[in-house]
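So, here come the structures, one by one.
Each of the next two complexes has subunit A plus one more chain, namely subunit B in the first and subunit C in the second.
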Partner chain A sequence: MAVLAPVSDSTAPAHHKTPRKKRLNRVWSDRRTRFGLFNAAPVVVYLLILFVYPIFSTLMLSIEGEDGGFTLHWYADAFRGANLEILLTTLRISAETSLLALVTGFLLAAAISRLKPLWAGLAMLVVVVPHFISALVRTYGWIILLGDNGVVNNVLTDIHFPGAPFQLLYNEIGVVIGTTAVMLPYTVLLLYAVMKGIDRRLPAAAAGMGAGRLTIFRRVYLPLVAPGLVNAGVLSFILCLGYYLTPALMGGEKQTMVASLIDEQVMKQNQWNGASALGIILLLLTFAGLVLLRLGRSAGEALRKRGAAS
Partner chain B sequence: MIELRSTLAGRITLTVLAILILLVLALPIVVIVVTSFGKDAFGSFPPDSWTLGWYKQLFAEGSKWPAALSLSALVAAMTTVFSLVLGMTAATALVRSELPLRSAVYGLVLAPLVIPQVVVALGLFLLFEPAAMLGSPIAIALGHTVLASPIAVMILMATLKGIDERLEDAAASMGASRLTIARRITFPLAAPGLVAAGIFAFITSFDEFFISQFLSSVDTVTLPVEVFNVLQYNVDPSVTAVSAILIAVAVVALALVAAVRRLSGSGAQDGLLPTETAVGLPAGSETAK
Partner chain C sequence: MPEADVMPSLALPETLTGSGKPVSVTRLRKTYGGVTAVDEVSMEIAAGEFVTFLGSSGSGKTTTLMMIAGFCEPDSGSIVVGGHDMTRLAPQKRGLGFVFQQYLLFPHMTVWENVAFPLQLRGVPKAELRRRVGETLEMAGLSAMARRRPRELSGGQQQRVALCRALVYRPPVILMDEPLGALDKKLRDQLQTEIKRIQRELGLTVIYVTHDQEEALVLSDRIAVMRDGRIDQFDTPQELFERPRTPFVADFLGAANFLPGQVAEQTADHILVRLDTGGLLKARPQAVPPAPKVLAAVQPGRLVLCPAGDGFCTGTVETVTYVGTLVRVTVRSDGGADTGCVRLELPAGRAPALGARVGLTADPGNVSVFADPEHGG
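Let's turn to the complex of A and B:
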């Protein structure tokens, strides 16, 4: 997850002492550097105009009053009444989704990591291929599956599952099932990569020294997978925050999420300032998640170093 | 779950759970493909009788689907070209040169993947609305490129890292110019990566919904936006056939990527698909160098 950890690329410590002007000169005179700058320019310029600047103007709009002056009342509006409820709903559904995606992803990744390469490859295909199929289409598939007469309810009724048929659409169950299915490939891939990297001799060594199965799981396996769990959990949480399709199509009124609210404010109410404030709030929540991830990573590394030293 | 291996019960439980979770991933797709051939669009599953009627209806007189399909294809084609140009130059800069502020550039390139899409879409709307460019295919393609180019950059970075730099150095030492090296050495070797990057850029755009929704006007509606509108307002059974076509496009695209990788011999060691990079997960720290 390199995005989440802007790499501290220590650019030659010698540079620190050279005066600024000299350094610039040297940067410019190096052929490889010039070549790099020349090649990096298109993407940087492109993203500055179509990505950074639009977000910046969103920020400006969110603090602009009707008279053009500075105001924070769009933010105050966002944290009041129905809007606040939608914000809390978004956090709740994102938390439920990331938890469920984490647990199911963990089970699936653990099962796949024990398979023979051929079977593991096939299973990973089932994980990866859906990821490239439009989330909209997959959501539609869930609508067909979860309807009152859908496959899921029919099967449950046929096996006389107590309480079947269930109301699975247009409520929170439906939304969480739908969003979890969308986030699942991410968690499975992240956890699978971590599990593959585990030295199998470690649990074996613990067993050899008489550790019980539960102890091995808790004291050896879990700490080794922990970084992956944190990564996958935070990532699916922040991806879910701004998610629109599934809640809009599979949720009821009580499952409106921030993205739907932004959409409605822009498209139906022409309320750009309010929408901008909501967008910036989503952005800040995302940043908070990323910062959390970095902190967790450095804490984990510090812990590991201390463990290695002692 | 290594310790579960020792008990049969644990093993069976894990297998059953894993199969159920795989079903969760596969079933929504299977159900659409099967239903699209069923006579009774919203009836029982599996359908009692079969038909190709929904597909024929798509191209019947007065259908809005062909226009949406061709718009999506046009936008996706433009996005592919933009992303490949940006991706190739950016990957060259990040892998093959001394770049000041390298990590900042890399972070900027990957940022669109983690920033909420609704924020990106809203910003683009605020950019293009005053310019009266809403509904323009170019505007939609420019917007899609923000999402597609990071994926192209990651795939192409991996490709360039796989090419032995000494080949380029050798050509240079024998007097080949930068352009000749690019044309005769780098491009042929990078071709499979370029094809993969292009295909992923294409389907990213072809399936993209949110930016299209914000940037479309009444008469320029991309395929996913049309599907969404149909699902939300008036359920038209032919939408199942459209969905099945979208599935087919994605599967064919993935099969092409796998085939190219196999032909170029790079697929053997790391599975059928370059999974991590392809899903948009920036791979481990080695990618960041």
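Let's turn to the complex of A and C:
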């Protein structure tokens, strides 16, 4: 302390806030801290310009009235009439999509995790490579496949499948199929990583104790994959919330999602304030999803602790 | 994490006792791509017996255990547990208990849930389940840790949970595959005592696999010494130690000295071996296949010093090493350079001086004679 005393004296003489200043000085005088801050500077500047500033200005736009004063009526508008319906549609389609992506992803990842390394690598490539192709091209691919005279309907009609041809485009089925295909690589990759990490001798140990295949799956395998399922589900749900292209191209009037609404408000109505409010709502929904994820995890933990006590 | 690794000696729960069943293995055989891992292994294990498969890696001990467990299907032979043929049964239908070296506790379950799991599978009513899990955990001194997850426990505690999980459903046989292999020496000694106590008091049939001779000697009622997929000898520790039937057993268990020579005289109550170094060594009576050369085997602890000139061999003390209460002594014997050194273990007070001239004797009861495999025996 004696060494530091002259420093604090010169910066803030006889002031009751001295201790904090002193600590700050000490931190700043650490060479490693200074070096670290220096290194972090580009990232900080980058984030400030490209992340904090846009979000902040969007937030400002969303609470700016026509007269320039403060208002919340853009938010009220977002939760009213057609806009509210679009918001609910977005949530519903996101939920349907992430559920389908989870189930399909689970089956795929489980199958791939059983393959020999070489085949697993190839299968993974098949799952991931479509992701490198432009989303626009992929979506048009789906449109060709699912159209009234597309491959799927032609095959179904040829085998006299009852009810064929089906309306697979410009409705919710089309949107969910298309968006699920976009989300699939994420869920497969996340689940595959978790499944690979499971000690394969654990199910064998359960079998040795007398557990059947279904019980092993339900009591051992599924609980071990569960964290991955939750992560993959929340991730695809969040990604879905703001997804624009596929729902816009493969959906109909009734499948308008928030991203399309924002697009319409900005491009057609030049309504930046309303669009900003919608954007902020999407952002908050995303945060809510992440918070729910955390809460769900700790609640599960607490429940387990209590269950074990009985 | 405080290490609460002393198992209290509580009364053992009656619900667990007397569950051991006999095991009969007949001409078990398993090959992997042309290599024979287990070759015509047969053994009878009594109910409540502790049997160890002892051997180095690749001796077929683990493969034999895995076939009894059902994780690995034999090419031929049969496995009968408690009168039921289990040779082709899936592991979950056999109802046996397992303890593995890697514990294999379920990481997403608490200690309590891990131990309750096999009982839940069997549809045990809730009240009884609670009582049995409680009793088993208490016996292992784990009651205080019932709500912890396996990763919050030390290695020794985890292995005790694994033991509880295997005990709780009273399996007819418990199979243990090097369960103490991952633990340090002190903990291993402690758990050996505990496993042995529980096994004896509950009357469990245990089949145990290890490569550690000392562990096998401490735990087992009988030991099957395995080599190249066969059982060299299946006997009590004492028999194996005092009357090894092959040079391998004598070496593996007793680290015996092998002294080459020829049979000079064979009578009903002794065998006289003329050693290559010149001396005569008297051995217990035993069947020795006719061979031009034999090996007389004596364990280091069974040799006694005597004045030079007496005994079957005379030599010079080459090294003296203190090992706690024992001294390890090597004596370079006279005559013949290839005879090498004889190793002795003596009480610390009886250590000879370096370079002293000494003679060696041994009780004939402690001397085994084998045909020398290097000379067409």
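Keep in mind that, in the parts below, the second predicted complex is superposed on the first by the 260 of 310 C-alpha atoms of A that agree within 3 Å, B and C clash if a C-alpha of one lies under 4 Å from a C-alpha of the other, contacts with A are read in each partner's own complex, and residues count from 1 in each chain.
Methods note: a residue touches a chain if its C-beta (ideal position, glycine included) is under 8 Å from a C-beta of that chain, and two chains touch if they have at least 3 such contacts.
Model, not experiment: these values are computed from the prediction.
Chemist: Counting only touches as set out at the top, which of subunit B and subunit C does A:223 meet: first, second, both, neither?
Modeler: Only subunit C; A:223 stays clear of subunit B.
Chemist: In the overlaid three-chain picture, which partner chain does A:175 touch, first (subunit B) or second (subunit C), both, or neither?
Modeler: Once the two structures are laid over each other on A, A:175 reaches no partner at all.
Chemist: With both complexes superposed on chain A, which partner does A:191 reach: first (subunit B), second (subunit C), both or neither?
Modeler: neither
Chemist: Once chain A of both complexes is superposed, is A:100 in touch with subunit B (first), subunit C (second), both, or neither?
Modeler: It touches nothing on subunit B or subunit C.
Chemist: Is it subunit B or subunit C that touches the larger share of residues in subunit A?
Modeler: B
Chemist: Quick check for you: in the superposed arrangement, does A:209 touch first (subunit B), second (subunit C), both or neither?
Modeler: After superposing on A, A:209 lies in contact with subunit C but is clear of subunit B.
Chemist: Look at A:128 in the shared chain and tell me whether it touches subunit B only, subunit C only, both, or neither; answer first, second, both or neither.
Modeler: first
Chemist: May I ask you to decide whether A:201 touches subunit B, subunit C, both, or neither, giving the answer as first, second, both or neither?
Modeler: second
Chemist: Which subunit A residues lie in the overlap of the subunit B contact set and the subunit C contact set?
Modeler: 207
Chemist: Applying the document's contact rule, which stretches of subunit A touch subunit C when the two form their complex?
Modeler: So the residues of subunit A touching subunit C come out as 199, 201-202, 204-212, 215, 219-220, 223-224, 226, 304-305, 308-309.
Chemist: Sort out for me which residues of subunit B touch subunit A in the complex.
Modeler: 1-6, 14-15, 17-18, 21-22, 24-32, 35, 42, 44-45, 85-87, 89-90, 92-94, 96-100, 102-120, 122-127, 142-143, 145-146, 149, 153, 178, 203, 207, 209-210, 213-214, 224, 227-228, 231-232, 239-240, 243, 246-247, 250-251, 253-254, 271-273, 275-276, 278-279, 281-285, 287-289
Chemist: Please output the residues of subunit C touching subunit A within their complex, sorted ascending.
Modeler: These residues of subunit C touch subunit A: 69-71, 90-93, 95-98, 100, 102, 104, 106-110, 112-113, 117-118, 121-122, 146-147, 165, 169.
Chemist: Would you tell me which residues of subunit A are touching subunit B in their complex?
Modeler: So the residues of subunit A touching subunit B come out as 1-9, 11, 27, 30, 32-33, 35-44, 46-47, 50-55, 57-58, 61, 104, 107-108, 110-112, 114, 121, 123-145, 147, 149-151, 154, 177, 180-181, 184-186, 189-190, 193, 200, 203, 207, 213-214, 216-217, 221, 235, 238-239, 241-242, 244-245, 248-249, 258-259, 262-263, 266, 272, 275-276, 279-280, 282-283, 286, 290.
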